[in-house]
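Sharing a structure with you now.
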Amino acid sequence: MAADQLVQNLESALSKIPLIDPHSHIDPLSPVSKSLDDILGYHYYTELAHSAGMPQTLLSRDADPRDRVREIVKFMDRYDNTAQYGWFVDIARTFLGLGEKETKISAADADKLYDTALKTFAQPDWEAQVFAKTRLEKIFLTNEFDDPLTGFDTTRYVPCLRTDSLVFQLHLPETRRRLEAISGVHVHDAATLRMALARVFLHFTRNGAKACAISLPPNFHPAKFDDEHVYEQMQFHGFNDLASGVFWMIAENCRDFKLPFDLMIGVNRRVYEKGVFQGQDLFDQRTSLLQYKDLFNAFPSVTFPVSVLTSAQNQELMAYSWIFPNVLPNGHWWYSNTPPFIKKDLIERITAVPKTKLIGYYSDAYKLEFVKPKYGMYRRILADVLADEFVRPGVMSETDAVALGTRLLRDNVKQVFNV
Amino acid sequence: MAADQLVQNLESALSKIPLIDPHSHIDPLSPVSKSLDDILGYHYYTELAHSAGMPQTLLSRDADPRDRVREIVKFMDRYDNTAQYGWFVDIARTFLGLGEKETKISAADADKLYDTALKTFAQPDWEAQVFAKTRLEKIFLTNEFDDPLTGFDTTRYVPCLRTDSLVFQLHLPETRRRLEAISGVHVHDAATLRMALARVFLHFTRNGAKACAISLPPNFHPAKFDDEHVYEQMQFHGFNDLASGVFWMIAENCRDFKLPFDLMIGVNRRVYEKGVFQGQDLFDQRTSLLQYKDLFNAFPSVTFPVSVLTSAQNQELMAYSWIFPNVLPNGHWWYSNTPPFIKKDLIERITAVPKTKLIGYYSDAYKLEFVKPKYGMYRRILADVLADEFVRPGVMSETDAVALGTRLLRDNVKQVFNV
Amino acid sequence: MAADQLVQNLESALSKIPLIDPHSHIDPLSPVSKSLDDILGYHYYTELAHSAGMPQTLLSRDADPRDRVREIVKFMDRYDNTAQYGWFVDIARTFLGLGEKETKISAADADKLYDTALKTFAQPDWEAQVFAKTRLEKIFLTNEFDDPLTGFDTTRYVPCLRTDSLVFQLHLPETRRRLEAISGVHVHDAATLRMALARVFLHFTRNGAKACAISLPPNFHPAKFDDEHVYEQMQFHGFNDLASGVFWMIAENCRDFKLPFDLMIGVNRRVYEKGVFQGQDLFDQRTSLLQYKDLFNAFPSVTFPVSVLTSAQNQELMAYSWIFPNVLPNGHWWYSNTPPFIKKDLIERITAVPKTKLIGYYSDAYKLEFVKPKYGMYRRILADVLADEFVRPGVMSETDAVALGTRLLRDNVKQVFNV
């Protein structure tokens, strides 16, 4: 819809709120793009271009970055209908001098954009410029468990302990080697695993970590394992089939170290086996939060900000958040991060879950330049929803609606993650 | 959306229709509230307040009702974005003197509202006032199978036989004792169970019952059991695992006694084990009406008004109602009873299922004061849908649209339940 | 919604595009209706009338067609709220002289409509008239594997090899007899089956076939079978349980003969056992495209236009089409072919899948008269979506939006199916 005056007012008010982005994949040692290749190498673009017919030849590491950009841009006229293309137009307008009214980027623009980007991104204060133009205050990272967490400002780049490899790859000797290296503990049974995990948590919380996170397949069931069972699996079964139990121990550490545990539920890895880098994962809609029943009951003091991959599951997320004090709906993830799903899921949540529990959005960005267009998309939808569901029907004043939006964008992030 | 003139006209016309509410939990011996505690003790409020951080201390039976109300109201500024809060504002406006334009109820209002409620609800004709202000004509109850069904006007409070305990708790000696007490039959095999159930149905139909009802877990499959199997389970397995078969016998009685059988599909009990009273149940979206294939085929003369808990299953409900003459979509239940789900599910049904089969809404209320705000919410959405899907595109005149709405609100209830 | 000027402009522009309808059940030897019985005998009407209470007596083959039509029309006042009734009104307006403003068809109209239809449909150039009024250029058929494919113009009526009976009924001697008759091969092991299938594909492609198609139950998993296993099933198990493997061989032929393979996923046959002809099938929402993971990976050169029966699965279809180059979302099928589902599913696809991969719609018609009202319904929704998602927010010009719509309606069909 074209935004009417009310929606424009709301969006304008929301766009002034300084952002604390509670989930990203930013590398704090290299947070901004160096070239347009860093922007268009984002898997959303390589996926769409490949899906629309682009061969993967130029995606190899040793291909020329300028050629790669040309190729991805060349295929844009096959996917310029997508929300992701819209993000790129926004980036080109905000950072690369594309006119406010221009909506098309074609093959002929590739070189000019590439050169502009090289020059723009080379400015010594580029990182600061992006922070300023985005009104970004803090952004959460996703750190491997053995990340030294040094060399960056942890009040601006907030560490978050990603636990996927601990839970799903403990059968790999390399994972155990890394765990021993960071924790100083040689893991061979439940007790040593517990000790090693506690050391990891200590390392993270001492360095300003404000969350623990994991992404989970649709069929995952958390479970408390007996120490004997853990011992057996470690000693006689190559550390296999321990995922549910290791996950449970991590939840125990979240409890003990008072960290929220972000659950990102629903991803099947490597479904499209020959897909582009990071463009191989899909899902199975047949999954339920009921699988987390025991977890949510066992850890009432742990806050679980939950993201679901499928919009059909959003009603479960709404309902579990309405009932369980420790379950919170968290943002709009991946295949549910396009406007129709965001709008549907947001309306379902905002009319039924206590407003203090709604974590509106996160960017999931790999480079800081993406925070602005993604939050921009979200704010447009949020303004629309606030207008239609609250202001127009006389349920809330415009001022109260902006306050509600602020809560989703900022206040709740501060409170839930204690930043 | 703010209602334009057309929507206002439709809503106004719909609000004049006397209601027959086909499903509630009203106690006919105590149908209206005595204090604000009866209103705010409704599980929707205790759930939301608790989910938003309220401890359960004041929810205990021996806590002071005024303190409890203060506590629940105090937490409203954490959930004043929800549809359920909207119902309370409507109640406060309609029954407790809150101004038409006031949208906020805060901690400071608790005592005043409490006192007003005490005084208002104490009026000797309060029940009649609520009926009148609600334009309520009849309301269905949900009676335990051994309810004496005496002491109230069964043309106004229509009995409905709830069969959950018969189906799911026959393994409890207390259930069997109650069944023997009401039926005079000592159940020990299929034949005696059949006889006992028939006596229960006779008791109910003689006392004006117009429906039989049950709520079912997501994984439930009805099945006809052999008499031998029933006998074995009763004699040697403590009456366990009989649910599917007892359910089937109840369907046989619905056929023989010509009662519609309300199926409310999808609830898992006690998912949040330490939740507030009635605030522990959730669901698993992985369920299908295909599980009811044999039932729907075996009982063509039994009308099955079906409610589903999840909106994702609404398409199944739409399709099964479009195909099976004896399957009807029934209202908007529980976690699907908030505006976005009602709107989606209603549009899906009203554009594809014969209009004579659509049972629009029921209140599910525990106290009569809730019928008005809940139906009010539904009528606003219904008016909106009638305007957008039928009147504006020129498919129907405004008069025909009101007639269609009347059908959903009243005519079909009269016809389906024969009241 | 009432169409505003922008939507009207878009719809008007879209209605000028000549159609290539990529899926129907037209009999090319009898493509148009001969009487109103051919129109109202369509299962959508017999289903709805029966679901609303019509007995099946007059549906028997030997009943009088005029009586049958009267009966189906008589019940229309029970289902005149449905989209399917809307198609009939459109047919009556376009082909049978109903006034543009008339919205009601009642029992009293049956005879007049019947007589008008008889006269109208008897015109010698009726088929050409329907093509012209529909702006129809080509329409795909659904041919049994042993269809001689003669006696009609295959550039107008495009053959499509339907493979349901080969995959699901090879255990029937009659199917094998027919396969031997058309292929000249006596099937008794994997090699002879492969040869027979290749002969069928040769017969079809030589006669202008442009697609292969199949409808699949929700629990279907394609799988490559060993030749030994196929041999065993044929020799010792009556050709049973071969479906997954035969399906796989058909995919191999699609690869070798360069035919797209239309997958129509989700239908359970004969759920309502005593339903009207073609009105017995329903579905189980618990299904996932993950079941097709191996297939999509194994045949990168085969294009799979995929239809899903349930709208909840549309997000999977959107996501798999966004990731897999060879997976394309195809139209809006059956229980998802009513306005609310079309709108939801279309918005989800058009904002996330490359536009070159979107096959907008097919009629699924049994008689040519249905192509116009069904495409008319789709174009109204498409115009609405193009206006709201692209033109109004300034993402596209009106001209570009029409071009995008043209792509969905025509260009992509031409390109994907090579017509």
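Going in written order, the chains are labelled A, B and C, and every chain counts its residues from 1.
Simple rule for what comes next: a contact is a pair of C-beta atoms (placed from the backbone, for glycine too) under 8 Å apart; a residue touches a chain by one contact, two chains touch by 3 or more.
Quick caveat, the model's predicted, so the values are computed rather than measured.
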Third chains touching both chain B and chain A: C
Residue numbers at the chain A-chain C contact, same meaning over half shared and different meaning under half, come out as different
Averaging only over C-alpha atoms, locate the centres of chain A and chain C and give their separation in whole Å. 39
Listing for chain A: what residues touch at least two other chains? 286, 312
Would you mind writing out the residues of chain B in touch with chain C in their complex? 286-290, 293, 296-297, 300, 312-313, 315-316, 318-325, 344, 347-348, 350-357, 388-390, 392-397, 404
Of all residues in chain A, which touch chain C in the complex? 1-3, 47-48, 50-53, 78-84, 86, 101, 103, 268, 271-275, 279-280, 282-286, 310-312, 335-336, 338-341
